[in-house]
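Below are two complexes that have subunit A in common, paired first with subunit B and then with subunit C.
Right, the complex of A and B next:
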């Protein structure tokens, strides 16, 4: 007991109590079976979302409720965590997301409503930085990435580089920090996310008919699947990718998800299986009594819950059949 | 006469170390309990019961210390003449509960913190959470038994 891990006792117990309020599969089932979007909302108002929903006047504005909830949960976990910097690493993804949205909106000359008010840097600050072209107030790594994006865009005029540069910065930073702070569980999470991102990139690039050169430039390093091996797959039929990953953890995911993608042209099953895969990984740390694992798991559980609510409500508003909503619902964490 | 001082070291270790084990254990459970109570104040009674469990090590230590103090006359009429040999015998007798009390208090606290997480989800399983902690308790009881048997064997 060289390091006192019991500093996590308070936060973990609190998160365990909070977990009991997470929506269960049965509640989603009832929402799916509701006759209208409003009925589905009513089911949701029987849960922890009641107070926020009471103030909602139009069902089409439900995104604000979800965004508020996500921000609240992040702030809460950050506040109770004895090492908030570990939770901050998880918030970085939202900074990157917001930067992507802002840059693309600027390059395409549009305004976007896809910003998420979570992250380590205030949204207003990010917005200001991108519109004013002044990145001095951003953290160093983001600043360098932003400058790189501007430089590259001046030359190539291709908004795609925004995603490429920012994803690389995100995962380089996360892996480096996880190692520095000796957080193997978080590193395991990021490595898996890199692998899943790379698999999706591979399929997408393959479908766009782009070159192997391009692919090896956009694949993220530091995953468990070697970049060269993945890049080589662009010239092979899909079956060889499936057989290459046959003995890896990703066998089922690729076997079902990738096959569906290439046959039906829809990535939604692969996206769902990827989310379920991460959920299964995080569940391994669910009962750690003293450690960051349950906190990370709870945040992810909340993100998945919000994603599921969005899937159901959007589906209900657009009057999709129950079956097609159901098949997109992610596994819940508890 | 120096035997008394050595025997008193035994008393100090039994009460001090076993008490520290309890204090740390109770502290650990208390932190977890606060986390749960901040979301679910109705479980106060259950958490208090769990938090009290690692207190027994301190009681065992105090009991052992008290027995020695009585033997050597610190509690009572007058001090008894002890040789160094007898003093060491008391010191040795105090060690089992001092050592096992310290470590079992801490580890029982860790088990009970997990039990707090357990009742956050399943309050009806409180009993099982206690049973796991009692398994740790066994070894504090064995240590106390050894300490008492050793004390009975000392001739003064």
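Right, the complex of A and C next:
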């Protein structure tokens, strides 16, 4: 099926206009250099967040502003996109998040307010499905995952399993859908995310001192790095991981990030480099005149921007040194 | 100031008994106080070490947690932690140190899941920061020490109260009751001696009068 690309004309143009409102590195720098959290917020309110921030009465509630912004941006991009299903794929992770929350809440016998109202399936539908134990309305993969969770949890009562199963189904579903809808750019994005997550998981599981068996169960399939190869790495020193990936695309990021991790015991650099890597990948699609790429890029840019704002504000409110805030700030997309 | 009593021999005996009793009590209480203080010092020292150690570890864990918090959306973070893998069962017993009942904690950490790998991490690896792992690990490692600290600190509190009470009693005995009793005993003896002398002179006087008449 060949899609006429020109249907993207309006959406891309609109997103190009929106891109100019994204925060720039300089603005983050000013926020970092602000003396207090309130001052940093003031810098932020010179930007597109002004209206929402005006209503904020307590700086500690800044998360609501960020959540609202994210929801707004998602709905907007979904609306202007000629093929909303593609954007819906990016919202799938919020469905998965909501499912995790719903399942855990159900197993604990509580109601939770941690749901994120972004997502491709309606919240009420999800809530209903989980409480009524009726998953027929969910997409097939999610349905199977849900049943699996119920079964497993009854036996093991291990909350981690909820996350593990749903994470796996998330990327399974994403890759499959991307292939089905012939969106190689999106598939590339997901594959990279899988690889980066797997790398991180490998080191984390290694540091937790858990077994290779466990690792091969939690690694996500369908990445470019073979699961067995990665799993084998748990018995090797981190150095050999670096040399194994020496000729892959991840050489730089792993070299720098993993070294820092093993030397200073801090994962922050690797996590930041991973995000930067994705940003760099999406930036390649930024100038595609007709296509979904700029839309995806914009959404990611917004997510990164929100992440950066959170890092700065949390850091400022808690008076972290400017340096440790700065080293966690991700590259911006523009 | 002496106690107002009738200066009788019976009263004197009673008071003397009370005085020896008070002195014995005073000695015992003093011993108790000294021993309490000794025990207290041991606990306080332990408490101080533990507390300093835990405060350092906690500051560290909280700093890491803060960083994890900074890179994760609040919903993700709370979802990750909403269902803990471990359940702590706590039994509290009483323990008698110098007749002070201090608590003793016995606790068992139970895996909520029957999973073969006892993982303390209740979340998946996608969308969670590795910085969360380290803070969870530190927190889980200092939990036993935290329980111990709670135990020691409560004991110290209870002991301190007891020491204060005992000290007040010792002081009351030493500075109030015993001197008073001693004074009263002295007063009665003097009074009795006085009346004895009075009786004696009276007898002698009578004897003189009778002899003169004969």
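What we mean here is this: the second predicted complex is superposed on the first by the 297 of 334 C-alpha atoms of A that agree within 3 Å, B and C clash if a C-alpha of one lies under 4 Å from a C-alpha of the other, contacts with A are read in each partner's own complex, and residues count from 1 in each chain.
Keep this in mind: a contact is a pair of C-beta atoms (placed from the backbone, for glycine too) under 8 Å apart; a residue touches a chain by one contact, two chains touch by 3 or more.
No experiment lies behind these values; they were computed from the predicted model shown.
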Side-by-side fit of subunit B and subunit C on subunit A, or clash: fit
Contacts of A:80 with subunit B and subunit C, given as first, second, both or neither: first
Partner chain(s) touched by A:11 [first = subunit B, second = subunit C, both, neither]: first
Touched partner set for A:259, first subunit B, second subunit C, both or neither: neither
Touching partner for A:181 - first (subunit B), second (subunit C), both, neither: neither
Centroid geometry (CA): angle subunit B/subunit A/subunit C, rounded to a multiple of 10 degrees: 160
Touching partner for A:97 - first (subunit B), second (subunit C), both, neither: second
When both partners are placed on the shared chain, which of subunit B and subunit C touches more of subunit A: C
Touched partner set for A:42, first subunit B, second subunit C, both or neither: neither
Partner chain(s) touched by A:289 [first = subunit B, second = subunit C, both, neither]: first
Nearest-approach distance, in Å, of subunit C Cα atoms to those of subunit B in the combined model: 29
Residue numbers on subunit A that touch subunit C, as the complex places them: 63, 66-67, 93, 97, 100-101, 104-105, 107-108, 112, 114-116, 155-164, 166-167, 170-171, 197, 200-201, 203-205, 207-208, 210-211, 214, 218, 220, 261, 265-268, 270-271, 306-307, 310-311, 314-315, 318, 320, 324, 328
Complex interface listing, subunit C residues touching subunit A: 66-67, 69-71, 73-76, 78-80, 82-85, 112-115, 117, 119, 121-127, 129-131, 133-134, 137
Subunit B - residues contacting subunit A, complex: 28-29, 31-36, 38-40, 106, 109-110, 113-114, 116-117, 120-121
Parts of subunit A lying in touch with subunit B, wherever the complex brings them together: 1, 6-7, 9-20, 80, 287, 289-290
